[in-house]
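First, the structure itself, so that you have it in front of you.
Chain naming follows the written order as A, B, C and D, and within any one chain the residues start at number 1.
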């Protein structure tokens, strides 16, 4: 592979290029077209890995590895992390708000691409001399010698830049605590003073058949209660309301039971109208009924 | 195959990234698109390095990566604090450039 | 040496004006001393000039080159000849006396130091005026005296009337100065120089038209400075200033600068008869004008101002007569300097005793209370009306003679006008005399209700009056016995006797007759019956004369009002028309920017689009350039 | 290449500006002293320039020349002739006084404003203006000149708009509104002029192929570069328009009264005494040298405009109710004289005009600064609000009077010399014009004395009864100016000797001879 990258581009590389390039472009397109940030991030990661391969193919072994490690490893993970922080499934609508923005953007992008192509086309890049000489001492060594001789100042400066960036990130994200943290007692008193929810908030899923965090617990009348769901989820509007579905499939079940036992549906009062209080016991009875039937066969 | 194709690919990716920056409203996605553009440039550099037969291009790409890393760190931090302050990750919400 | 003449009072002015309060106690003495110094220097120069022959009496002193520009040379250089030394003596002499007088007169004024500073400034400027050897330097002195008189007329600035009078004086003078500067420009374009010597010698080499123009411009200047019609209106108001000022500047010296100018540029006028005629006409008209005004005024100083006007009218008239009259013009100028200064100082002394009351109708019977003033004033009076043997007699008669000697109908007209003027002079001066010193008391308490207690003035005031009285008695005789003065000035003014149709005796006789007529008339009107202490309505002429023959009203209506309207409308035009255009542009620009503003919708992404598009365009451009 | 004296002279105030701006907010006084120090240092350099300059030597001396934008033949070329030296000296001389006079003008009203630093900004801007003015007096490269000629506007804009006159009739909002109006107007006028000039500059480059004043002038002189008549005239008009706006020539003058009225007195002096001189100076140096034929062609029209400026400005000055606006209109009248002298095309006229630039700077500075002190005491710019000041503040009144007398060009004070030279020079070639212009003298006396009478004389108004007389600082500003006025009035020889050779060169550029006096002509 070294040899390949060094001198010519073998057919192998050609194949590799055409295949991967298509994938990369598709990935890029997906990146900008996916509605959910998470998906975009994943597509981008894919594209980057492909780029890493291309680096390798171009004899930039060090960069290739760095690309994988730093970009897809660190940076993209950072992205995902933030995405999670901000909201995984928060899908921003692709509906454009600014008039004509999308068309202008597309036009510009397209035109730009064409321009670049034209530029590259015009450029006289026919002959190319491979990296064999440059890489003969090994790619990493070559880079290192350059970095620490010719580009040492730039290198130092980037070091400084990194430090600054780190500090900056910390400064930006770190929230100063202005006042002393409240003790539990104080919080309790506060709550009493505000006069709401003296008891702890109800757990999600209570009175329902699910107990996932994003499912609101049902109030006695079957309606879901916002209180039972985590605030973040509430803000993102990620609450699944299951109150109706629970009742619905209950009704469906009873219907089946009624059919099976040729019982007139009218004998038993319709659960919908009868009190819910005993609805819990019915299925048991139904099930018992079925079992007995099967037993009889 | 002529390695110039790498350049074409880079150009294409770059244009795509730029378009993405322009059309997406979610800050994070916009930011990803920026990264995509940077990568495209890197690819171009590497390809050039190969064309010219010296490693300078790779060095530049290397530095680009470093800078990109720094940029990402700061940028994401900004995004987070932004989200904290205004509970949204949309670019247009920060339309304060107009008096 | 000559420079010292100017330098001494100038130094005084600088020291007094810049050196703060600590000089308050000695200031006036310093000023007087420096004035005296220049008088002494003048005397010294005069004596050693007498020592020389008539021809080489002219002294020149070149100090430094003032404005050296391509083709334009103005020097600071002095010329001292018989004419200028005469003026130097008059100015510094009378000046010194009046300095002395003011010490007493201004005693109670806390700004006395500055007053003396201004007086010194005036002396310096006036001496510069008469000593300059070129017209431009003369112009400096010319404006300098104008400034000094501005400052001194407006010395009591808290009185709006004084401030206004000062401004008026300066402005009217400025009109005259315009004439002088145009004259200088004409000289420069014609002769390429404006030094007295060169110009006056070169008069022959150019056409009469140019000379006439120059002459008329010089006349305009003289009118402004010497309060001749039509620029006389300022002199009456100038009496707002302290009396010593009126005596020194507006009687003895500054107002005669015009005469000096005309006599000095005699050659020009000799070569331009039309200009000369204009000069005589102006002189004659002013002569009558001033005299008439003098008759009607009840304010003693204004009456004297009117008389000054008319006396200078005599001088100008004489100066307009050409070589016949120059000498007599100067002679009358000197004698007039004495007696008119004396009269003013007398008036000042009277006012001093009468709580600064100026209305003669509130005087009366003062001869007992201030004898010295009475005597000196009386001598001055006799001198001015031309009482035989006193100086006025000699100088004025000579002028009248010269006027007749002009010959032709002009001669007759001018001569008779001069005679008439003599009569009127006798009339109004007698009137002043009687109303002030004779008759019964008509004193009234002044504004603060203080009853006036007339008393003789202190020594420092009476001594100068006495000296001036002596001068006004003797000067004329001293000058004209054996035509001393004529011979003295001859090298400068080239005297020639015209061919008078009348003998000197006839003229003198006629003068005597009109003199008597005037006096008796005045006696009949004011001496016999009591003077009403409020002015009677009087005839139309009287009322007009009280208002300076409506000259001020004319100025006010035509110039002031018109000017105001002009400026107002111009301000309006400037604000609407000229400015409007620009504001129009501004408005249109504003509209445009408003439309552009819509592009700035504040969405980062749309900005980004434009940036991106811009980049694209740039790349395209570069590519195209490459392709081309 | 010897020590680049001219560059140093221009650079020093620039450095000073930066240093002053960098002074921390609290150290206000330090900033003032720093600015004063730099301005004085600049003055020293200017004196050195004046000494090193040899009037009888080459036309342009102390020249420097470096490549700058080689693609367009733009060079960094400096050089001074006598006129330039005189004006540089004037500028360097006036700035310290301006700074000293504006000592308290930019003190923040509320001391707590720690981040906004008005004082530092004020003095830094003044120094910046000085630097640009000086270099535009030195530039012998048209493009270089253009850049700084225009760049002046930026600091001036902020000086006018940002630091208004505290003594304002209306409310604060009204004041700031008028102030920004004045500033925008100033900018608008001068920018329009500048744009037209830019077009002309480019046109000149197209025609001549480079920007070097000397080369083009030589080429014009020896005929190796001949322009088509119309081209030359158009280019001339392009240049002249900009200069006419800057040195307000009727009818492009209306920005001046607003600017001078709204700005603080020192800034007003900066405008009229320093910046505007750039316009007249440029007429003399560029219009006449580069386009002699067109200049002659345009002379009649320009003379008429100048005449209108003289009379019109004076009349308007008479009609003003606002002290500073009055002075502004007086300046318009004086600029009329200067332009008259330049285009009379006689050596007296042009020497007079150059002298006039210097003297007008001094006299207006004296009058305006004293007026500023007066206004700052009473807090009003309206003439009607004053009266009898002379009684309570004699020194102030005295200096004010001397300033006024200088403005009406009283003999013995500097302006007389220049004004008379201009008049004579004009009269020699165009007698009628000269005579009409002479009326300006009378009008000048009118507005000056009316101003003095209404403010200083008469009964003391109660508002001014407790007005303090000039303080030491203020006296230190006024006294030297007055001394200079007197000295230059009595002994202007040093300046004339400096100027004469330059004028001779200019006359030879336009190939004009002084009209001979009639007598000699007859011989």
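Just so we're on the same page, contacts are C-beta pairs under 8 Å (C-beta built on N, C-alpha and C of every residue); 3 or more make two chains touch, one makes a residue touch a chain.
These are the chains along with the protein names UniProt gives them: B = NADH-quinone oxidoreductase subunit K.
Quantities reported herein were computed from a predicted structural model and do not represent experimental measurements.
The chains that touch chain B as well as chain C are A. Distance between chain centres (mean CA atoms), chain A to chain B: 19 Å.
With centres taken as mean Cα positions, chain D sits 55 Å from chain B.
With centres defined as mean CA coordinates, chain D is found 69 Å away from chain A.
Chain C and chain D have centres, each the mean of its CA atoms, that are 36 Å apart. Among the residues of chain C, those in touch with two or more other chains are 601, 603, 605, 609, 612.
In chain B, the residues that touch at least two other chains are 18, 22-23, 25, 92.
In chain A, the positions touching at least two other chains are 98, 101, 104-105, 108-109, 112, 116. Chain pairs that touch one another: A-B, A-C, B-C, C-D.
Put simply, chain B touches chain A in their complex at residues 1-9, 11-20, 22-26, 28-29, 31-33, 35-36, 39, 42-43, 46-47, 49-56, 58-59, 61-63, 65-74, 76-81, 83-84, 87, 89-90, 92.
By the touch criterion stated above, chain B contacts chain C in their complex at residues 18, 21-23, 25, 91-92, 94-98. Of all the residues in chain C, the ones that touch chain B in their complex are 600-605, 607-609, 612.
On the chain A side of its complex with chain B, the touching residues are 5, 9, 11, 13-14, 17, 21, 24-25, 28-29, 31-32, 37, 40-41, 44, 47-48, 51, 54-55, 58-60, 62-63, 66-67, 70-71, 74-75, 78-79, 82-83, 85-87, 90, 92, 94, 96-98, 101-102, 104-106, 108-110, 112-113, 116-117, 120, 125-126, 128-135, 139, 142-143, 146-147, 150-151, 154-155, 158, 161-162, 164-166, 168-170, 172-173, 175, 235. Touching chain C in their complex are the following residues of chain D: 184-185, 188-189, 192, 251, 253-255, 312, 315-316, 318-320, 347-348, 351-352, 388, 390-391, 398, 405, 410-412, 416-417, 420-421, 423-424, 427-428, 431, 434-435, 438-439, 441-442, 445-446, 449-450, 453, 456-460, 490-493, 496-497, 500, 503-504, 507, 514-520, 522.
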